[in-house]
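Labels A, B and C are assigned to the chains in the order they are written; within every chain, residues are numbered from 1.
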Amino acid sequence: MNAPSYNFAYLDEQTKRMIRRAILKAIAIPGYQVPFASREMPMPYGWGTGGVQVTAAILGPDDILKVIDQGSDDTTNAISIRKFFGKTAGVATTTLTMEATVIQTRHRIPEAPLHEGQVLVYQVPIPEPLRFLEPRETETRRMHALAEYGLMHVKLYEDIARFGHIATSYAYPVKVNARYVMDPSPTPKFDNPKMDNCAALQLFGAGREKRIYAIPPYTTVVSLDFEDHPFKPYRFDAPCALCGAENSYLDEIVTDDKGGRMFVCSDTDYCEQRQAEGHRGRESAAPHKERAHV
Amino acid sequence: MSEPVSTPDDDQPLLIADGLSKNYGRLAACRDVSFSLYPGEVLAIVGESGSGKSTLLQLLSAQLAPSAGRVSYRMRDGVLRDLASLGEAERRFLFRTDWGYVHQDPAQGLRMAVSAGANVGERLMAVGWNHYGRIRDTATTWLDRVEIDVGRIDDAPKTYSGGMRQRLQIARNLVTEPRLVFMDEPTGGLDVSVQARLLDLMRNLVSELDLAAIVVTHDLAVARLLSHRVMVMKGGRVIETGLTDQVLDDPREPYTQLLVSSILPP
Amino acid sequence: MTAMIEISNAAKTFTMHLQGGVELPVVSGVSFHVEPGECVVLSGPSGAGKSSILKMIFGNYRCGTGRIDIRHQGKVIDLASAEPRQVLSVRRATVGYVSQFLRAVPRVPTIDVVAEPLIAGGTPRTEAHDKAGALLRRLNIPGRLWRLPPSTFSGGEQQRVNIARGFVSDLPILLLDEPTASLDAANRAVVVELIGEKKRRGVAMVAIVHDDEIRHLIADRIVDVTSFAAAA
């Protein structure tokens, strides 16, 4: 352990200032994608280089950092990023949503309501919501500039024509502050309502594509839809098998090769908190039983 | 069928070209072109490749800035505006609503991987239609109008034949009921039998919707069938202009006589 | 003027640029008039310029000099100097033309070919089709053919479709270029009848007819075109 050989939070101060300027601009223009000079990070693209740079730029010595990947605090990606900042910044880390001041996330928004003073940092693979229908970057920028968003509805139209309903279930496009259409990163659309009027600051970093965008606290975020096909958040129709929660986003876990499966909270911290409070699901003990087989 | 009302507006030009020129270095692609187009009028611009007709179409549709001269257009509020004075947002709005543009290659005017219904509906969604059922109904009506089997509404145009694609492109353009449509060799890439059907369809739509159109074509038969008026271009200049049948049956200029005499008898 | 058509000193010359700029005078000094309800027949040998005069009155050929005044919607318009838009307006509301040959879009059904002038003039589609059908029936085109494009028809049938198209609307001036040329006796009689009806409704007509018998039946006045022969 020789933390002093790194600058605080790995990035040099000049780079952090550059990133902070981009963040400030992003906050000033909610939903607008601000270009920034994304740096090489000691991890491959796709592993959260954008989120890590944003986190590095905003982290202070007193911050308490939480990192989640698909809602979980203990997957490889979450652990390695948490360790990275533990080592390069020496900040305190936590798995408790309520306690954290900075939460870096991939693909989820925590179930527990966020509060003022917290910052949620999203890892973004593809920041441009119009990309799949209009591949020309010059054209999509112009469309954003002129607020020409008819194309976004074409995507939803295609869903309904093909599946009878809006089948887009993640990276569901939203309109921020009644102006810019934004890709909320590949979070499930279940989480979209949490972005609206959120007390915490939400920052989005895309490392490979060199873009940062933001939703300031208490900003309106509306999921796009049709009058006759309104936006509906989706979750499996089941309670969590471990904590019995009826309103959390669930992961489906296959338990054997005979079609057995169970649904558990994707947010591990939320699930553990509930279990600690005494909530129980149908199969609370199941994982332990399975372990006994080994 | 609505009654054609002869409003005083009909006496006011929809589009005015005034001394339009375009130079590429020393090459004058378009020289001093002036004319007025009235509501419901179909103008054909004919000439060989390199005569400047495509450049002129781009100048008229504000896709290219003229080196000299200007194009004015009467907006829906009746005010005549210089196209160069429009902001980009206004110009693009015009293109999505009051104008249509039919490309020779339908792939340029369509989203090939998106269903036919969405291709037609896109312009509606772009002007704020937000009811899936109504968008789909309107798209269905238009597919029917351009003689595309409505059972194909959810198929992407990449699965369509050339003629169907071109008809789909027309539906996509007309769904917002534009007043002016630009067409660049609309029958260019099609088989002769398919051309006839498309021409007939276009002729009917143009007269039913009282559309004004500017059609660029090298095919004098297309000009004869579709247009009221024709402009013959050569070397970037309009060398002869007049009623279509007048110019084709009684051509005055040597070049026009050559063009007309080059047609194979039917 | 009370006349529907008043032509004064009109002339037409073709310049054949592809033949080294040869000047080909067709007619000159053309002067005559046509009153409402009158049928003027142009006479003269082939090549005397009869068809050219009709085309000048229709605005199809441009005049070199002179005037071609047409009474159009209560006003007089000189077709020799009119704007293309005015010529179109005259054709829509005042002057109809029955040419020798039918020129139609390849796949359009006969009934639509005939009804088109009415629809263009604002007549509702069904009413236009009714009138077109009635006329086709009079001209002995059986109903089973109406949905077919006329390009599949015989020469005589095409000619009758052409006549139906020309006679279907109520225009105050009609120009007829050999309307009976390829018709049998029965159909010729129908055309003579139709011309008679138009006259009674005050339509002014200019016709070219080679058949002496027909000319005798329809002509109120004969204008000899040879007197307009251009001095070549």
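The rule is short, and it goes like this: a contact is a pair of C-beta atoms (placed from the backbone, for glycine too) under 8 Å apart; a residue touches a chain by one contact, two chains touch by 3 or more.
These figures come from a predicted structure and were not determined experimentally.
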- Task: List every chain that touches both subunit A and subunit B.
- Result: none
- Computing the C-alpha centre of each chain, which chain sits at the greatest distance from subunit B? A
- Centre of all protein Cα atoms: which chain's centre is nearest to it? B
- Query: How many angstrom between the C-alpha centroids of subunit B and subunit A?
  - Reply: 47
- Note on the structure: Whole-Å distance, C-alpha centre of subunit A to that of subunit C, is 77
- Item | Length of the line joining the C-alpha centres of subunit B and subunit C, rounded to whole Å | 31
- Set of subunit A residues in contact with two or more other chains: none
- Message: Two or more other chains touching the same residue: where does that happen in subunit B?
- Response: none
- For subunit A, which residues count as touching subunit B in their complex? 133, 142, 146, 148, 150-151, 153-154, 157-158, 160-162, 226-229
- Please name which positions on subunit C make contact with subunit B in the complex. 14-18, 55, 59-62, 84-85, 87-88, 105-108, 119-120, 122, 124-125
- Task: Mind listing the subunit B positions that touch subunit C in their complex?
- Result: 1, 3-4, 38, 41, 196-197, 199-200, 203, 207, 225, 228-229, 242-243, 245-246, 249-250, 252-254, 257-258, 261
- Item | Residue ranges of subunit B in contact with subunit A within the complex | 88-89, 92, 96, 111, 114-115, 117-118, 121-127, 130-133, 135-136, 153-154
